[in-house]
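The two complexes that follow have subunit A in common; it is paired with subunit B in the first and with subunit C in the second.
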Partner chain A sequence: MTMTAIPAFGTPPRSRRRLWIEQITGASFALPALALLILTILLPLAVLLYLSLTNYEFGAISADWVGLANFSKALADPIIRRSVINTLIYVAIVVPGGVFGALLIAILVHGRRRTRSLYEVIYFLPVTSTLIAMATVWQFLLHPALGPVNAMLKWLGFGEIAFLSEPSTALATLAVIGIWQLLGFNMILFLAGLSAIPRDLYEASEIDGCSNGIDRFLTITWPLLGPTTMFVIVTTMITAFKIFDTVAVMTRGGPMGRTEVLLYNIYLEGFQYFHTGYAAALSFIFLAFILVFSVAQTFTLDRKVHY
Partner chain B sequence: MASVTLPVAARAAAPITPSGAIAKRLLSLVVVHGILLAGAIFMLLPFVWMLITSIKPPAEIFTAQISLWPKQFYGVENYSFALSQAPLLRFALNGVILCAGILVVQLLVAIPCAYALAKLRFPGRNLLFVLVLLGLCIPVQVPAMPLYIALAELGLLNTYFAMMVPFFLSVFAIFLFRQFFRSFPDDIIHAARLDGMSEFEIVWRIVTPSAWPAIAAFSVFSAVAHWNDLYWPLIVISDAKLAPPPLGMMFFADAETGSNYGALTAAATVLTAPLVIAFLIARRRFIDGITMTGVK
Partner chain C sequence: MATVDLTSIAKSFGPTKVLGGVDLSIADGEFLTLVGPSGCGKSTLIRIIAGLEAQDSGGVAIGGASVDHLRAHERRVAMVFQSYALYPHMTVGANIGLPLTMSRMTLRQRLPLLRLLSRQRREILRGIEADVGAVAAQLQLEHLLDRRPAQLSGGQRQRVALGRAMVRSPDVFLMDEPLSNLDAKLRVHMRTELAELHKRLGATFIYVTHDQIEAMTMSDRVAMMDAGDVLQLGTPSELYERPASIKVAQFIGSPAINLLPATLAGSGRIELFGRPLSLAVNGTAGASITLGIRAEALSLAQGEPGQGGRAWFSARLRRKENLGSEYILHFDLAGRDAPGVTTRATAATAATVNETAEVALTFDETACHVFDVGGERLEPRNGGAVSSVVPLRA
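Coming up: the complex of A and B.
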């Protein structure tokens, strides 16, 4: 690293040759990424668009142009409507639970000194664990006859609840598992946000008469955490909207379609029934939801990642 | 919530009313730890139950009597049954191959591209960056079907390549590294050029080492995401020998039809352990990595 010793003398004059080399290198460095971008994102999207306008079924020799029929069918399909509603209900449970639960835990953990890293590890553990494997364990935990959760309920004098096979509780149960999985992730993001708040602000607020914790939270913590909170809400929405794993393993859309979610139905239509054209249209409906969330994310991400 | 500023509050209040302050402090400590411990139990319960069940004999599992510790140690039987029924170690090895393969290509592709976007002027640079930002918004589930059809036509289903190919390009890595490279001093790059270094050497020998924290963070993020991904392997892999951990677990649970909980939890333990142990060892790396990448 001898070059660090060379005194910097500003930008050297860019000769034509230099500029030409820079352009060639720049383009060639970007080329592999561009090629993959075209092959794995842009081209598939174009093909998907074409498929969504046909009645193609995977394996068929030909396909007919059907225009927007797939889209109008999807919008009128009661199963798809139900799955969109179920997905949104799931998001509506996971987002407040996963965001504000994580905020509460982060604030409490942030104040700890000796036990802080212990709590961090405990709460973060589910993030690194393989959800499919843990879903099997949850199934057992919630088992009506054999699971400890129902044993606890019985001991407390409540009736037995078949969490996953009862239509009224199945989706909410999956949402609780969803919260369990991402709470630690959000907590870490909030902890980073909390560490960025200067300590003397709290001392100053003390002098200004903010004596209790709730006052301090409302006047300092909450406003200063604003960007972090926005970011966490948006990423949680996107993650929650993509729910698939627990449905595929634990309920398969049941009981009585109460846990059918959009991505699971796309998977069924596209890769089980091979209604490729229809599933392509569904994929665009899925993408439309994600885009609405993602646009917000790109804005918050641009503001958040700076070094 | 009082706990946030507890040290300050305690310092300020202590000299005035010592006994009242101590009582208040004790009360808030009890409340804070009460909430945190209740949450911790909720977080840990599945792990504890998994470990306990994996060493229980069937007779103790299939009983309404809930006990925390098995009367009879049955761990050897459960684990050896699970390992003999399904190639669990093979699933874990597949996970390692999958994560390593994806990560290596992701870095090889993203680093030069990010450097070009950050430091070089070339035609189409702005367009490429717009495409990268656009790519950030598109989850893999959307291009999945055309990719599946293409792989099927090429006869590449049931290969490691099929499992990896949609993830070779990480627009997120490009985005993250570009942010990082932009703050790398131009003077050092100019000096290196004057020294006769090629751009290729500059990228890999000077700029990349400086971005080590971002690369480590991204690696953690990438490995966690692909070790645990189910959707794409479920689509392109039907051969159990190639299954990564989540798909392997699904095959195993199906074959066992959910009855043998001792073996199921033993399998779950084996497949969850590698990443959890890696996390416990490199705790700070994981947590810093998630903080820096912050996107799932």
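Coming up: the complex of A and C.
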């Protein structure tokens, strides 16, 4: 970097050669990452864009150019509209639950001395497990007749609830499972953020009059966790948008389409009905959603997180 | 304004004893410095006074009243941290104003959204702004009030930390090595500024440092600590001129005091390198003692050594250090079982010595310090001035 500051005019040939070597070295360091980026992201995106403008069907030999027909079809499709709304509802439950729940747990766990690592492991376990397998376990737990959750509800004197087959509760139930899956990872991120806050600041605030936990949280913890919170919100939101596995295993979009979500519909169109061109157009819409939300969040939150 | 009284403060962290029953009385408006090597317990002591740490036993009283049951913010003390501990997300103005915000506003008035409901909030804010402005003016920070700590230089951050301490007009200022993160030049400047601030505010200052120069230059009194005990408490000149023990003598003063092994002959006369001195102390014959001679009390002998009955010994130059205004000369004691000695000299004198030949070093016996085997001070029987200083730990 400093080498580029040397003016090319009048530099001895040896140093010009070094500059050239340095540029080559720099480029070759960046090359593997660039190659991977092109192969795994940019190239598939280009193919996706091309497919979304055709009526290609999986396995077909040729396809016709249809322009934006796939996109206008998607915007008019009531099933797609419903799945977008369902996805947004799911995100609206999972993001606050997954972020603030994890923050609360992180603060509680951070306060433990000897048992801290035990709690860390307990809360992190769901992250390490396969969600498909866990979904089966949840299905058993929530089963109206066999599941322990309903047994407990009955014991407490409530009626039994068919969490996953009742239209009013199915999506919320999936959201709770989504939160459960996310909590551990977000907690670890918040714990890292909490550990990075200097102890001096808490002591200074104690002398300055922050006498209770609420004062300390509002004066020090919350503002200083700003960058962590922003990161957690954005990653949680992207993960929530990608809800698929619990739907595929537990509800298949039912009951009455209440748990149809965007990614599940893309899967259906692409791999069940083989409408590859249409599925590609839906994927583009999905990507646009994530991009718009992430950018908007980063900009609005970034303005409030500064130091 | 208040006195601070500590009575037998003891503190251990697990099996490690940090403070072993410290007694200290600090007068109203006094500048007291706790000085000592790292790990001597000085920081723990100041944190106990602040209320950040609880003592195992003993009591703290501020202004004559016990504060042991009070939380840190109720003790009317302010603290300046070594790291300054400025809130990085707040402007300089908000940093200085935080103690006032916390004390003058209710939780409801501080909460986002809810605070919009409060009518007095604007008035309180205006009052805080005025007070912050007044403090900022005293510290020449007015033009920085909207900046954030990350945008300030080290010296400016230091002043913001001072402002945050001053704004509540506390009775006692506690400072935990506030200058050690500054560069050497700024440190010298801030020493003066702190001393002037103390004079202007008239508050009690308790200052922790490991730098003996800071302790010597700013304090009314210095408490030298080691291993959780106060070794000596006195004015800077008392500590320098009459150190109660070898540890105090070694810690205070730069270059460090010269320590030479000596023995007691009959009748308490001191023998240095086999040559009797006129100096005498009480003690049994044959006991080994240590003789402490400050660098400025040691000089190159002019003419014949031993002239006029002055004590002397021979040494060979190892190195000259040029300080500009003077030289520090380092000597080896040729063939003797003793560490080298240092002496101050003018440039002209320094030019007369070199590494090739041995020279005679002579010293003023009345300026010598005598320590017994345990490192405690022994008072000279004749010649030296009579002293009333008694080692605290005896």
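The definition used in the following text is that the second predicted complex is superposed on the first by the 251 of 307 C-alpha atoms of A that agree within 3 Å, B and C clash if a C-alpha of one lies under 4 Å from a C-alpha of the other, contacts with A are read in each partner's own complex, and residues count from 1 in each chain.
We adopt the following convention: a residue touches a chain if its C-beta (ideal position, glycine included) is under 8 Å from a C-beta of that chain, and two chains touch if they have at least 3 such contacts.
Everything quoted here is computed from the prediction, not taken from an experiment.
J.: Check the residue A:156 against both partner chains and state whether it touches subunit B (first), subunit C (second), both, or neither.
T.: After superposition on chain A, A:156 lies in contact with neither partner.
J.: Using the superposition described at the top, determine whether subunit B or subunit C touches more residues of subunit A.
T.: The partner making contact with more of subunit A's residues is B.
J.: Just to be sure I read the superposition right, which of the two partners does A:224 touch: subunit B = first, subunit C = second, or both, or neither?
T.: A:224 contacts subunit C only, not subunit B.
J.: Using the superposition on chain A described above, determine whether A:288 touches subunit B (first), subunit C (second), both, or neither.
T.: It touches nothing on subunit B or subunit C.
J.: Does subunit B (first) or subunit C (second) touch A:214, or do both, or does neither?
T.: both
J.: Just subunit B (first), just subunit C (second), both, or neither: which does A:203 touch?
T.: After superposing on A, A:203 lies in contact with both subunit B and subunit C.
J.: Output check: A:76 vs subunit B and subunit C. Expected answer is one of first, second, both, neither. What do you get?
T.: neither
J.: Report, in rising order, the residues of subunit A that make contact with subunit B in one complex and with subunit C in the other.
T.: Comparing the two interfaces on subunit A, one with subunit B and one with subunit C, the shared residues are 203, 206, 214, 306-307.
J.: With touch defined as at the start, can you tell me which subunit C residues reach subunit A in the complex?
T.: So the residues of subunit C in touch with subunit A come to 50-52, 71-73, 77-79, 81, 83, 85, 87-90, 98-99, 102-103, 107, 110-111, 148-150, 164.
J.: Can you check the complex and tell me which residues of subunit A touch subunit B?
T.: 1-4, 6, 8, 11-12, 19, 21-27, 29-30, 32-34, 36-37, 40-45, 47-48, 51, 58, 101, 104-105, 107-112, 115, 117, 119-134, 136-141, 145-146, 148, 151, 180, 182-185, 188-189, 191-192, 194, 199, 202-203, 206, 212-214, 216-217, 221, 231, 235, 238-239, 242, 244-245, 248-249, 263, 266-267, 270-271, 276, 279-280, 283-284, 286-287, 290-291, 294-295, 297-298, 301, 304-307
J.: For the complex, which residues does subunit A have touching subunit C?
T.: 198, 200-201, 203-211, 214-215, 218-220, 223-224, 226, 306-307
J.: Spell out the part of subunit B that touches subunit A in their complex, as residue ranges.
T.: Touch list, subunit B to subunit A: 1-6, 8-9, 12, 32-33, 35-36, 39-40, 42-47, 49-50, 53, 61-64, 66, 108-110, 112-113, 115-117, 120-125, 128, 131-133, 135-139, 141-150, 152, 165-166, 168-169, 171, 174-176, 179-180, 183, 185-188, 190-192, 194-195, 197, 199-200, 203, 206, 224, 227-228, 230-231, 234-235, 245-247, 249-250, 253, 258, 261, 264-265, 267-269, 271-272, 275-276, 278-280, 283, 286-287, 290-291, 294-296.
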